[in-house]
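Chain lettering (A, B, C and D) follows the sequence in which the chains are written, and residue indices restart at 1 in each chain.
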Amino acid sequence: MKSLTRRVSKIKTVPQKKRDGPGISRRSFVKSLGGIGAGTVFLSTGIAKRAAAQYGPVYTDGLSAEQLTDMYTTMLKIRLWETKIKDLILAGGFRGVAHLYVGQEAIAVGVCSALRKDDYIASNHRGHGHLIAKGGDLGKMLAEITHKATGYCKGYGGSLHITDISLGILGMNGVVGAAHLFAAGAAYGIKVKGTDQIAVSFGGDGSLQNSFFTSAANAASAWKLPWIAVIENNAFQIWVRSSDVYGTQDLARRADGFGIEGRVVDGNDVLSVYNVARYAVEKARAGNGPTVIECKTYRWYDHYGAGGARIGVDGAFGLGYRSDRELRDWMAKDPIVRFRKFLVSEKVLTEERAEEIVAEVRQAVEDAAKFAEAQPVPKPEDGLLNVFAEGSVPLHNS
Amino acid sequence: MPKSMGYAILEAIQGEMRRDKLLTLFYEYQTPAAGWSNRSINLEAEFGRTRVRFCAIDEEWIVGGAMGMSMTGVPAIAHIPSMATFIPYELMFNHAGKLRHMTGGQAAFPMVLWADMARRWAFQGGQHADAGLESSYARLAGLKVVIPSTPYDAKGLMVSAIRDVDPVVYCQYPVPSAGPEVPDEPYTVPIGEPAIRTEGKDITIVGYAPQTAEIARAVEELKKDGISAEFIDPRTLAPLEGVMPTIIESVKKTGRLLTSDEGSYTFCNCAEIIARVAEAVPGAKFKRLAFPDAPAPGAPEMLNYMNVDATRIAAAARRLLKA
Amino acid sequence: MKSLTRRVSKIKTVPQKKRDGPGISRRSFVKSLGGIGAGTVFLSTGIAKRAAAQYGPVYTDGLSAEQLTDMYTTMLKIRLWETKIKDLILAGGFRGVAHLYVGQEAIAVGVCSALRKDDYIASNHRGHGHLIAKGGDLGKMLAEITHKATGYCKGYGGSLHITDISLGILGMNGVVGAAHLFAAGAAYGIKVKGTDQIAVSFGGDGSLQNSFFTSAANAASAWKLPWIAVIENNAFQIWVRSSDVYGTQDLARRADGFGIEGRVVDGNDVLSVYNVARYAVEKARAGNGPTVIECKTYRWYDHYGAGGARIGVDGAFGLGYRSDRELRDWMAKDPIVRFRKFLVSEKVLTEERAEEIVAEVRQAVEDAAKFAEAQPVPKPEDGLLNVFAEGSVPLHNS
Amino acid sequence: MPKSMGYAILEAIQGEMRRDKLLTLFYEYQTPAAGWSNRSINLEAEFGRTRVRFCAIDEEWIVGGAMGMSMTGVPAIAHIPSMATFIPYELMFNHAGKLRHMTGGQAAFPMVLWADMARRWAFQGGQHADAGLESSYARLAGLKVVIPSTPYDAKGLMVSAIRDVDPVVYCQYPVPSAGPEVPDEPYTVPIGEPAIRTEGKDITIVGYAPQTAEIARAVEELKKDGISAEFIDPRTLAPLEGVMPTIIESVKKTGRLLTSDEGSYTFCNCAEIIARVAEAVPGAKFKRLAFPDAPAPGAPEMLNYMNVDATRIAAAARRLLKA
């Protein structure tokens, strides 16, 4: 058999300045104001102060109205695109599976808004939101979820494994917790390359116990790796309540044992998440090591699929392991409604514009669904490819 | 309604937990309860949360905790999910499998590693659709590995596994109900005994759990062509000493051995069986069917192209008879 | 093949009172004084006070002179017996290997003196000391280390695997960290049995990273298991300094992340170790959950074998990864010399009696060596036994 | 003084680290330095502690960190000790081996898992004296597994493993120096090519690394009896597609295959080879020698009784020729 030989790596250092994310620091805020064209609204200092009082002191004032609107739009994309998937599943005959992220949108968007395009994220089974926030294409994602030949993974992987290395997306992963270790490894690679990238891993409250997290945390702490672990504490591991199987209430405490800073944040508040993420990102970029961020949140749907859900209705009710009342309480804290109210009250958006965006996103979701539907299925014999970089493996069924 | 494999297993555990007041189950999220109409089992409700303990997503705890417990005389069942089967592999390898020998017979692990197995499902990726993992356990010294193909065997083998003083890996594939009815009372299916599913004289076919239904269909197809196939289900994969005589006798009679695995080709469990028969029955002819050495793709188009099924088994049998 | 069938377990609850260890509580101190025969010296309250000032407040006053003398004797047993092994290795032709415990005796003895006979310990590769402190027989241990048929494991296991379930010794283990998990499992078993036993695991500074510790700690914390992890921080993992590969200085901090109490103690001071262990034991026995105890110490010899050592001389010098000066500083803190001084100054022992004990232990060590030497080697074909409880496995080499 | 296997491997890595400025090594305590008289290699001194990184006792980090790093274009070598070989097994199984396929070709892991192997040493217990573990890796889809038996192959296979874009498990058994001299310059031994160590016509013997010296001695012994044995060292254990034609050709010629493993019998790597030959060469005769399905006892009396050695190999060959 032929082995494909790797090309020798060349060191490609990304200069500190070439930022293409929203990485505007407090110090550069006044400067960037000067360079803004007409039509871009900024949060006034008064608003920044009120936001600071509400969310903590640091970064919100660095966000332009455009960026804030993008964040709102992205949250909607996740919400409406996944709601569409839920409806497709309920309609029957769906060519795939999904662990819906709805309810947790503030986390993906808050974190990824603090990242550059060349930063890495490693994601888990409930990762659609992370990928959309990092720039994933709705159509190609849905094509992959339905195992089409032109999906992100050519139909091999499906929902659980959507990957786009070119966007820094190291992939969703079906093994709980693995993302933490791979991101920490990527963070070590950043040290070797000498770039100022960051590697972020997303994991649920269930992702702390297998050694993936332990190994990542120790290495990141010992060698100050640019690693950020985002723990989305939605209270459940399938139906198991984390409080029944863990000895601490705040999972960010796990970080203490490794000498890592652990922060707890309201995961339904996109600006709070952004603030903490931005802080952690700047710290890591400056070479000051890792942060663990625990975001308290709740998932609106069942662990998997669309059990308890209905077409055209938000949320999954009547599940044996949680009360409808608990869900309703959390739905009242809808991160999108909350953020939209803030944007409107602060005049970043008008109600009309906010509603227009909903319509635009809804259209984009319909387009994505049509795109995915129209895509071809994979060729049977392609299953033998891609085991190794070159060649195919032999069939053994005849 | 016949009992499902899942129900039969819970019934086995229920009986043993009633019999042995210390027997304890660790699991993750696979609720140990099942039922329909007026029948139901709920182990947590019956035995309490100390003995029926749901755990964090921590397969090392589930298996390693069970090992530590069993070493001190509290027999244990450790239930782990399929994609995580190999997280506690080192524990089974270096400790459960070795320590009795290394301590001169002192250390005993009366435990069952109840491993969920996946199948080559469509619409999953390779992590959630693997099969054949039992051969990695069957390879380890000091472990017994059983793999039921019917609800009847599932219950009887679980009872045997729990009562065994040695560590047993119990592989549960999701297979449809078939075979004899499952009695309500406890009974054992001995570890180390194969089952001849169909007697025949022209060709020997060996396969188990996920392949049982396909092989059974292939045997029917072959019958139509006047070919009499003998179908043997090993039921125990390690140690094989008790299983091999039946298979070897059969191949001595038929001269031909066809095996079929849902797992990947290389080191699928039937490879070991073929190698043993090749040594014992010179001149026999062999054919091994299996999934390729590839992960399982999610798209059914690719997956079906790669899987073994009844038609392919029957065709391979016909070819082997002509060889 | 025949399968051996387990007998149904019967619950055997050990009543709280039937203590056969030194478990004399503060409250029973006065009572037990009444029952002491002539010749037994007790620490006076004045001494207890001075000890308290030096070591912390709690338990030393519960120890009788007899118990203190036993602790001294046991430390000496470990020291002299292992020194003998070192000399045997250097003499050549030794039928075995050893990871010497010398220098760390205060930890094994401090901890095991707080345990009952029916408590469990799980030990690591550097575990001779733990086993002797838990009651292991010097002759049978040496017979096992030299792979004799009458050793603890009939010659199968050797140094790394000495086990005596009847003494609660779940075994030394060659896999770093595994002991933590097995002890926590045993602790869960104690909960099932409903007894008031304790399970203690010993591990080095290197034993925290693999998931064994993480899994043990979380379960013990979540369900308040009677588990105590003793971390013997002797600074090195073979030649790797833990401070170079961990993000925290105090390894007891690792406990915090699990919501477990973590204590740091001078591992060369047997009474300090005893105090903390006793505290942890009483806490666990009362159902109040686990403790992690980090003991700072140093090993006098090389990681393994007798490199850098000489017959008749204490300590291994000239090792590339540590300075002789560092070793000398630690040898100056010899836990046995320190404890002996204390016992003499407090009149628990006279210099003469202390010296007599040295001679007695030296004799016991010589007897053990002679015993081991005289033992038969295993029968070749016994290698095929004990794979399973019944029967033998077939040979395949002809 | 000829280069040892250890030195040859370090020389390979040194050359590749000079060639590729990102190549990074994670290890635990097996100091990557060696030398004698005026020759010496010290990777940490030459390349610095970032690229030559000693780690905590954390095989999951060493392998998983290397995987994450390699996914982002920083090729990596993960060196793990023998008794811990299976701690990162799940990582290799579910991730390194599967993710290229599951991501439709996107995810690449240009990494080498450099696994120390033990041998059936005396005076160790079974945890420190295991062998044959390579078959558990060879069983996993998507991984390449190589196993050098000489310092020359050790260097050439390490260079190939490092340059390969796919994950390679590199199994280093401690074997004495033998075979051709090791050039100072980098060179490759291709993955997937077996070596015919001795040509012969009466019987084919297959074995590797720990068994090489014993087989070589047995071949000499047999020669004295006028028996001409062909000794084939597979060198690559997965995938076997490149290796099998040579072995199959040989057995077609000799009609007899004898294999010898230091690992346990069941699922030893040669079981897979026998099963493949049995299918390809009907009528051939087989004999498999291996350690029993038991851990290795520490006492040499028991161990030697169980081990395979040159005398037993030669005797088995004679018997097989008479069969």
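Going forward, a contact is a pair of C-beta atoms (placed from the backbone, for glycine too) under 8 Å apart; a residue touches a chain by one contact, two chains touch by 3 or more.
The shown structure was predicted, so the numbers you read here are calculated from the model rather than taken from an experiment.
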Check C-D against B-C and say which one is joined by more contacting C-beta pairs. B-C
Taking each chain's centre as the mean of its CA atoms, which one is farthest from the centre of chain C? A
Whole-Å distance, chain A centre to chain D centre, using C-alpha means? 41
Express in whole angstrom the distance between the two chain centres, defined as the mean CA positions of chain B and chain D. 30
Touching two or more other chains, which residues of chain A qualify? 155-157, 161, 173-175, 209-211, 214-215, 218, 222, 244-246, 387, 393-394
Quick check: what residues of chain B touch more than one other chain, meaning two or more? 55-56, 58, 60-61, 83-84, 87, 90, 94, 101-102, 125-127, 141-142, 239, 288, 292-295, 297-298
Which residues of chain B touch chain D in their complex? 83-84, 86-87, 89-90, 93-94, 97-98, 101-102, 125-127, 135-136, 138-139, 141-142, 238-240, 264, 266-267, 271-272, 274-275, 277-279, 282-288, 292-295, 297-298, 323
Which residues of chain C touch chain D in their complex? 95-97, 147-149, 155-158, 160-161, 173-177, 206-211, 237-240, 242, 244-246, 377-384, 387, 393-398
Which of the residues in chain B come into contact with chain C in the complex? 19-24, 50-51, 53, 55-56, 58, 60-61, 64-76, 90-91, 94-95, 99-108, 110, 141-142, 144, 160, 163-166, 190-192, 239, 241-242
Applying the document's contact rule, which stretches of chain A touch chain C when the two form their complex? 209-211, 214-215, 217-218, 220-222, 244-248, 253-260
List the residues on chain D that touch chain C in their complex, please. 28-29, 31, 54-61, 83-84, 87, 122-128, 265, 288-295, 297-309, 312, 315-316
